[in-house]
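Listed next: structures, encoded as structure tokens.
Both of the next two complexes hold chain A, though its partner changes from chain B to chain C.
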Partner chain A sequence: MIALLVKELLSHGFEAVSLPDGEREIDGVYIGDLLSWVMGRAQMDNAWITIMTNVNVIAVASLADTSCVILAEGVEMPEDIVQTALEKEVNILRSSKPIYETALQLAELIS
Partner chain B sequence: MSEPLIFHFDVDGENFTSAGQASTQVKKNLRQLGLSPDIIRRVSIAMYEGEINMVIHANGGTADVIVTEDYIEIILADKGPGIPNVEQAMQEGFSTATDSIRSLGFGAGMGLPNMKRYTDTMEIDTMVGVGTTITMYVYL
Partner chain C sequence: MNYSKTLGLVSTGIKMKELSLNILDVAENSVKAGASLTQILLTEEGDVLTLEIVDDGCGMSEDVVRSVTDPFYTTRTTRKVGMGIPLLKLACEQTGGKLTITSVTQEENPAEHGTHVTATFNKNHIDFTPLGDVSSSILTLIQGHPDTDFLFRHQIDGRVVELDTRELREVLEDVPLNSYDVMRWIGGNLQEQYEELSDDGHSGEE
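Right after this comes the complex of A and B.
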């Protein structure tokens, strides 16, 4: 299996919101908006799909060590939080698609 | 590393948005010590959950992390309301967080269970009206 890198998503319709470490490999996907649930269940190197955009998302992504956050449904992240993501070296991408379609697309790219 | 390393943090109870500063700093420190990503991840998640709990429920507190050759000990202490029923609080999904906390994505009732999940031992010392001290160990 060839590893999918975070930066490679840019050529598949995903938009970079914060991309300090595009070389990271994506290993699996986790979906969720309840932050503690995500911290308990997401695996290291997962791409994490969510619609949450508050600053705690950055802390959770950093501590749970996900490869990237993917904001589905085209949700906007406030600029100061994007700055925090860059400082904490958290990759964030955006998809205009709903969560389910975003996940389907990732499943196709990973397999 | 023969002498234990001790990191101390005051967790600000007022500032919900900056919660996680102590655990982020610990993550950095452990990385500099060259510990494995899995150990770092477990310690920082357990600590973050504890930090969030102290901000949500206890108006802050203190966090101490002791790193030895054999284990990492995390001590989270607050002077909050205490936990009336620890068994209930340990159940996944049980939460007393308010709606405003839930709107931030917390209050899933996973904090204490996650702390237990990611550490090797966890002890809760709590008294209603006095406070709570949680001691966790992760063995290296």
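Right after this comes the complex of A and C.
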């Protein structure tokens, strides 16, 4: 099995919002918007799909050490938070698709 | 709301999706700040829930107060401090409420210092996080810190549920607050108070 790298998502319709470390591997997916919940459950190297866009997202991604955050539904992340993500080396991608479709697409790419 | 689970004292693992667990997190900060008394005050009036956590700990400088709402301040210094304040801020702002923190350091006022965290919530907002089992949070705090005092007061439209460990301590003298029987009594007492509150025809539930 060849690992899926974060940067490879760019050729599958995902858009880079912040990509300080595109070489990270994605070995699973976690989905959730309640940050306190995600914080204790997302696994290292997961791609985390959410629609939340506040600065705590960056902190949770950093604590859980996810390989990237994927903003679904094309939600916009404020520019200052994108800056924080770059500083903290948190990868963020965006998909225009809803969460379920985004997850399906990732499932296909990972398998 | 179901308060009958109150005696499930032992922390039930990570289930941080209720405000009660957020309260626990922030109150732990008070204990860490060396508070001898931590007050946990919940006031429900109409659609508004106000949560206050007031301690007489060492306090924080203005700069620190400004930075505690920044998740990276806390996660950077000691990862263990956690995201208590940032998540509380998010939870209340999501409902159109707000978070304010005032603090007086020990240097500023040796006689009267400490931190006062206030979060307001609009209970009818669709993104309001349920309060959850506050009694369990209070019990967990007492269990973990039997030598510091807690005052818990939950007012719902003028009716009150209250627990003051200073009063218990006076009665119990040398019996530790976290002994099994005392914990059981506290859990039962809180449950009783909540039951009385809802028997009065007022809803003690969200």
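Annotations for the structure displayed:
The rule is simple: the second predicted complex is superposed on the first by the 111 of 111 C-alpha atoms of A that agree within 3 Å, B and C clash if a C-alpha of one lies under 4 Å from a C-alpha of the other, contacts with A are read in each partner's own complex, and residues count from 1 in each chain.
Please note the rule applied: a residue touches a chain if its C-beta (ideal position, glycine included) is under 8 Å from a C-beta of that chain, and two chains touch if they have at least 3 such contacts.
Quick caveat: nothing in here was measured; it's all calculated off a predicted structure.
With the C-alpha superposition on chain A as described, chain C and chain B clash in the combined arrangement.
Judged by the touch definition given at the top, the superposed model places A:D65 against chain B, while chain C stays out of reach.
Look at A:N56: by the touch rule set out above, it reaches both chain B and chain C. When both complexes are overlaid on chain A, the residue A:L86 reaches neither chain B nor chain C. By the touch criterion stated above, A:M44 is placed in contact with chain B alone, chain C being left untouched. For the contact definition in use here, the residues of chain A common to its chain B contact set and its chain C contact set are 34-37, 39-40, 54-56, 59-60, 62-63, 88. Across the interface of their complex, chain B is touched by residues 33-37, 39-40, 44, 52, 54-57, 59-60, 62-65, 88 of chain A. The touching residues of chain A, counted against chain C in their complex, run 34-37, 39-41, 54-56, 58-60, 62-63, 84, 88.
By the touch criterion given at the top, residues 17, 19-20, 23-24, 27, 37-38, 40-41, 44-45, 48-49, 52, 104-111, 113-114, 117 of chain B touch chain A in their complex. Chain C meets chain A in the complex at residues 14, 16-17, 21-22, 70-72, 75, 79, 83, 86-87, 90.
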